[in-house]
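What follows is chain A paired twice: with chain B in the first complex and chain C in the second.
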Partner chain A sequence: MKYIYSILSLLCILVAPALAQQPTGQAIMENYEAQNRTQDTFAEVHLTLRAARGGTRERDLTMWTRTLADDTRQQLIRFDAPADVRGTGFLSLENTDREDDNWLYLPALRKTRRIAGTDKRDRFAGTDFFYEDLTPEKLEDFTYALQGEDTVEGTAVWVVEAVPVLADRIAETAYGKRELWISKDHAVLLQAKFYDHGGGYMKRLEARDVRQVPGTAMWWAYTVTMEDMQEGSQTELVFNTLEIDQGVPEDVFSQRYLKRGQ
Partner chain B sequence: MLFPLVALAQVHLGGFVEGDVITYFENPNPEVVNGRNQVILQTELRHEQGQRAAIFGAIEFRYDQADLTRNRVYLDEAYINLYLGALDLRVGKQRIAWGRADGFNPTDNLSAWDFSDLLDTEDEKLGLVAVSATYYVGDWSLAAVLAPSFVPSVLPGQRSRWWPTLPMQIDNPAYPSSGPPLIPVTYTLSPPQLPDARPQNAQYGIRLDGFVRGWDVSVSWFDGFDDLPTLREFVVPDPSLTTVDIQIEQTYHRRRAVGMDAATTVGALGIHAETAYFLTEDWEGTDPAVDDPYIHFVAGLDYTLNDLLADHDVFLVLEWSQEVQIPDRQMSYRATDLNHVFRKALFGKADLKWDTYKTLTLEGVYAHSDRSFYLQPGLDWSIADGIVLRVGVDLPGGPASSFFGGYKTNKRVQARLKYSF
Partner chain C sequence: MPTRFYQVILAYPKTVIAVILAVTLLLGWQATKVEFNSSIEAILPEDHPALLQDHEVKQVFDSREMILIGILNDPSIFHSRTLQKVADLTEAIWQVTITTEEDEQALVAWSQKLGAPYQEQLVALSEDGLSPQDRAGVNNVWIEARDDATLDPAFLEFIEELRLKLSPISDVLSLAQVDNITATADELRIDPPMSVVPASEDALEAFAATVYENEMFIDGLVARDRSGTLILVELSFYYDNYIDLAHRLFQTLEGLAESYRGPEEVLLAGVPMVNVYTSNYMMGDLQRLMPLVVLLVMLVMWAFFRTVKGALIPMVVVLVALVWTLGFMALFGRPITLVVSAMPIILIAIGVADGIHLITEYQVLWTEYRDQDQAILGTMHAMHRPIIYTSLTDMAGFGSLAISSIASIRDFGVFTSVGVLAALVFSLTFIPAVLKLMKPPPPRAHVSQTGPFASLLKWLGEQALLHRRGVVAGAFLIVVFAAILLPRIEVGSRMVGMFHEDSEIVQASNMINAKFGGTEVLNIVLDTGAPDGLKDPQRLSKIAALQDTLEAQPLVGYTSSLADYIKRINLVMHEADTSYNRIPAEIEQVLESDWETVDGEEIEVLRPVPVHGRDVIAQYLLLYENAGGNDVEKLADYDYQKANIIAQIRTDHTPHLTQIRQIAQDYAYRAFGPEAKVTFAGCSNLCIVADELIIPSQLKSLGLALVVVFVLLILIFRSFRYGVIGLLPLALTVLVVFGLLSLFGVYLDAITALIASIVLGIGIDYSIHFVSRYQRLRQDGTEPQAAVLETMHTSGRAILFNSLAVALGFLVLLFSSFWPVIHIGWMVAINMVLAALFTLVLLPAVLHADTRRKRPSPPNADFAS
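The block that comes next holds the complex of A and B.
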């Protein structure tokens, strides 16, 4: 018995410093947010949608984003393919003091239409990504708890559980809980599991092809796959071009540029 | 020498192929065209010269086996865009679309329409040779359009099922002293008398457009011609009073319009309104055939009901359209006057997103002024990337003397398969 106590004591002495060095979930996410903060981005993206019953659809889009000094975000998305949606554009300007401004441009009608804000739980362009999956994480909306450590494809990761805390956020998110696998070396999200408010397993994200973005210190997953565990469908998102903080002109985020798709 | 080769390499070719079939439920008159069996090939050429210029051209090849008079090779659009700092310039044949309403746009008066099929006006806006310049300052733009020539709207031909139903006999004013009590009538449509091609007849429009604190707004001015003709009838009786020929003269009259529109959102609700005051040629109200001045306004709402049926979203649009004569001279209109069909009308639209690729649609109009209506249930199905099948049923109805009621035997089903490339 004395022998067992000695071993336990020794283990405590060895393990305690290691535990003390582990960051908190909040600290990991703060680092993640800091590492992934951008002023502006330009991306050419290819989407492959795989239905549960077979069959694939392809989408090509060009995206521009920028973050202003007051932390509001502006975004322009233009569809380049398939041909029946070519030129369709979506412009979103976030506001702090009122509702966001959103416009849709439909080239067949030659018209720009002001639209109400999108439901964050809606699928983006019919893919398995929800709009909330594509917007930056707002740390104040969640609590983060470190669940442990793991490896993804040989890369050491932290496993963090994210749960919405604010009533507004709980109401507008599809997820009651997320588990996030974040790489220790470059703070890249490599894997995630999404659960609904009842605890049901909804979706799974896998990110691969992690590379340093040219001209920046930032690392990025150039291929991201989202799988709907309930529907059986899957969407692969590949960044064919990615430019970060290269200075996207301000006038890109305008109705004038939105209509240039025609 | 190298430049043309480089330019050619940067040209994007696109367009679409479309098969379009229409079958009517009733064919009471074998003399008219009772269907459509049509193929369209539209080729589009696009070339961008950096950020400074772009060229676009579209040619349509149309073949209709059911109505060979519809066959055509048609230049849909052909223009060049020049981006000169804050100024965008577009020169050439182009479609111009103004206004923020869905069902009817009172401020949209520059480009005419092909109304040869009154229920099928999607993508039927006609190009207009014009110079349009848009100058941008912040969130505002000032657009000016100058069109040296006039393009009238295309109306249904006499062999079309959309040619208005006209009486085939009239009372004989000389009966019983001469001739039978009713006299058979024939109709002769005179060639349209278009405005002379001279500088004074050029059309132009100006529009200030922008947004401020969540509101999109515009004010506009149009000075040009009504793209729909004024119809005057001249009775030419046979000396024996056994037949009468009614000659219909088509003339186009000048009109001006001051307009404005606005749109905003409140939560998930979209709100829009559009109005124009038409300053017609008959300001004094002396010519009963020509429109007197009037205001036309449209106000509407749109809303998306999320997860209404299981996991399906429904997008709803509701619009009220009304005309007010100012000054009010109690002018009455023909039931078939396309400018005034919606003088008191309710438009509705519901799109039920069945899944990513299928949308069930229901569109309808109730024309309160003559108690007629039109309903169009349909399905849009994206079968594969770039391939869309559209199936719809057109159901006009109402009293026989009303606009849609006059076409109530034109209930039909339409199927359209479009491949865009």
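The block that comes next holds the complex of A and C.
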């Protein structure tokens, strides 16, 4: 018996380097999640929306997020431009025990209102991004399979397929399948294809301008473009400022701060 | 000159017939590809500014035509069974596909033809047939294919069409699926009013209250009296581009509607439905009326010739001509429209005349010569000129329509002329060849000198000569009457009203017009000149006021615009305080809360601050977008520069539509000033534009026809004076045509506008026959009075007979499904007989008066009939 174990161990040692060359999809995504995990973020973002029927809309907004110890997320989004919507804000606080709290502040009415909870499948601020595209990867909700290797703009990437793991999770995501191109060097998502539950090709993401986030070990794509393959619309998201784990004050995620407007 | 030509034909009759038959087969095969198009777009020229503008508006506001499905229940739709049907039907409509077995076969064929990456996907799609489950797969192939430059374009076309067949519906709006902006205690929501079908009485009542609380739904989605609700179905494609698909979709929806009927009524209406009905009725008309007119005309010919051959040969000629014409239409890619659909019947009614004349002459000459070749050559020699002349005048009458601005009138004119030309060519080639191959007819007695016809004609001629002044005075009186009636002609048309009152589409449209906002749509597009121009409170208020002005018109049932949504959001953002059911003002006072420390205690104080209404509107729109609302897409462009104000109208009478458009135009000009551009679109606008084109265009065509016919008359008679005289009876008839339209209140539309041209083209033959015969008799030395009576006896008989035959042929149109076509039927019938009578009464009087003063000019010796 001992003998057999020895042989197996030996085999393992011999095979290990080969395995190291081909990590599993799960391992890649665990690494990705770990590399991109944040306590809090502060970002100033410029959005360019292009409609298939013609016309563009430009927006500037500031986003604050933080993840609490119980893994719930809090987020404040505030519009800075165009001038006529300056100060408009959305605050969302996830709850574990009850429905999430969502508030809207319209500066022109000087009024805060509770609004219906945003579904993860909803469009973020009328863009081609869904809320789920902008939230951290939930490893336990998906199974990952390595599809192969590729290069995106000269960068070596792993191609991983992500499929929701359980029926009750399926209802929470718009995607029946995601194909993710993740850079080998810094675990940055460089490209993605999104499919609906019927297998229909919905959207394509392209990330560019990858740089190290100042003061962290994290690398980040500062320009992300999402294209709706069926509607023909497109949103470009550019991070003008990005601060990660620099300590966002707790009172940012409050109705009072929401109401401050600017 | 032509004798040699006919000798060649007589030498090779079989070759001539074989060539004609071969070409006929070829063109006949083409003719099977001719398309039917019944849309208003097909009536307007393709490059007309109104049409281009309409396409642009559809593109900017991402809109296509809508089918309206009305679900009615007595006394109320707020019944769980009815509402369940609304929910189920909404879902069922989303699931509608219109693929066929051919599509599945084509899919298999392509999967065998194409390599990676398509092959595998196509094989997967072709398994277990096509269904909504394949939408995603076909879409994926399409996404890949559209960026693939190396691909066979036919495949891209196939996959694009397959995509539309799998998802023919782009949007469905119903109680189960529409943006309802509401605010409960402290929460703002945008979701469908009915996510779950209410079951209990209380829940139903509460649901009804929710629905009627939102003004936007009343008349738009639900009937004011609760007895009905609409499902609005938007097509994924433009009717004009995919007519076949529209027809299949209609059948599928009709079948679906049927399965939901009882006790609820389920009705289908809307422009695409009208187009489909028009097409179906058009084909039905052709199938019903064609055999009828063929039979009738053959019967008349048989009565005249008393031989089957005599009845058959002219009919074969005209049917072959018809095949050629349809073949040419297919070759030039021109569709059969409602206007053009009258062409085959008209061609049959008038095209047999050449054959009749030839066979009559042949019978006479055969009796005389008893030699087949000699009789045929003699016939052709005597007849080929008059046949060419009368065909030329027919072609002038119809051909003048080629300058029309209305595409389908142009097609009608051009292709009817082509048909007449084809009939002419076959009469001069096919008929001599056939006569050569056939056994000669039995000898025929001379035209009888007695009988009712002869005595009537004799009496007419005598009376005309006796009461010359009276005749001229009568003609003058007709001119005066017509002059009084002419200005009262109403230019107008109806889309749904074309059909009989008891047809399904009229019933459905009437019902929906009675219960809801109206089936006719007028789009008023306001271009503010700069992005975000629609966020201006004043401008939005004026848009709202424009809607109020329009809704004050009894025929305008419902309007919608961006202003409605802003009003609605303003209302719900202010706790449904009805004083906020309005557009925010330029400057609004709002209460700002602040925290002040008073006596060491922090308290909240409210103080009023002024804010810009523009910012309020901008923030409402952001809120709406953020909440995932997208119904506003149809009402504003992406830059908020252009507004689409939709007016639903409860009538299809274009004069009313024009009036409503004028009201909108006047108001818009006053309210928005000259810098704002206001344009119109939608089916109503296209109907109005088509009408506006008719009068100037028809006047031009008719003027041209009169000039061309006049010149032809002068050339044929070789006399200016006789040209004028020859034109008189027809000029009078044309006046009567318009007088009758006015008298009977028949709309002058694209179809009835043809009547004058038809009457002129056919009727002018009568003048030619009459004057020519008279000229020849005078040349032979006959005294004027005797010449008139002799002309009455010979030509007069042919003219009267011809006019009765044509009138009878046109009366068949009374069995048409379309009012305008029915109007052509009786109007042409009456006016052909009138044209004959005017010729037979006016010409004797005028010719006689004329010749008393002056010798006739040298007559045309070659021409007699």
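Note that the second predicted complex is superposed on the first by the 240 of 262 C-alpha atoms of A that agree within 3 Å, B and C clash if a C-alpha of one lies under 4 Å from a C-alpha of the other, contacts with A are read in each partner's own complex, and residues count from 1 in each chain.
Heads up, the rule we're going with is that contacts are C-beta pairs under 8 Å (C-beta built on N, C-alpha and C of every residue); 3 or more make two chains touch, one makes a residue touch a chain.
Note that the structure is a prediction, hence the values are computed from the model and not measured.
When both complexes are superposed on chain A, chain B and chain C end up clashing with one another.
Shared-chain residue A:57: touches chain B and chain C both.
In the superposition on chain A, contact of A:82 is made with both chain B and chain C. After overlaying the two complexes on the shared chain, residue contacts for A:254 are found with chain B alone; chain C is out of touch. When the two complexes are overlaid on their common chain A, residue A:126 makes contact with chain B and with chain C alike. Legend: residue contacts after superposition of the two complexes on their common chain; A:99 is shown touching chain B, with no touch to chain C. In the superposition on chain A, A:229 contacts chain C only, with no contact to chain B. Of the two partner chains placed around the shared chain by superposition, chain C is the only one that A:199 touches, whereas chain B remains out of contact. By the document's definition of touching, both partners, chain B and chain C, reach A:113.
Shared contact residues of chain A, touching chain B in one structure and chain C in the other: 57, 82, 84, 108-111, 113-116, 122-123, 126. On the chain C side of its complex with chain A, the touching residues are 59-62, 133, 135-137, 139-140, 143, 183, 186-191, 532, 535, 573, 588, 590-593, 609, 611-612, 614-620, 622-623, 625-628, 633, 637-639. Those residues of chain B that touch chain A in the complex are listed here as 14, 16, 56, 88, 95-97, 100, 123, 134, 136, 139, 141, 211, 213-214, 216, 263-270, 272, 302-304, 306, 313, 356-357, 382, 384-388, 418, 420-421. Those residues of chain A lying in contact with chain C across their complex are 51-57, 79, 82, 84-85, 88, 90, 104, 106-111, 113-116, 122-123, 125-126, 195-196, 198-201, 229-230, 259.
Touching chain B in their complex are the following residues of chain A: 49, 57-58, 81-84, 86, 95, 98-99, 101-102, 108-111, 113-117, 119, 122-123, 126, 254-256, 262.
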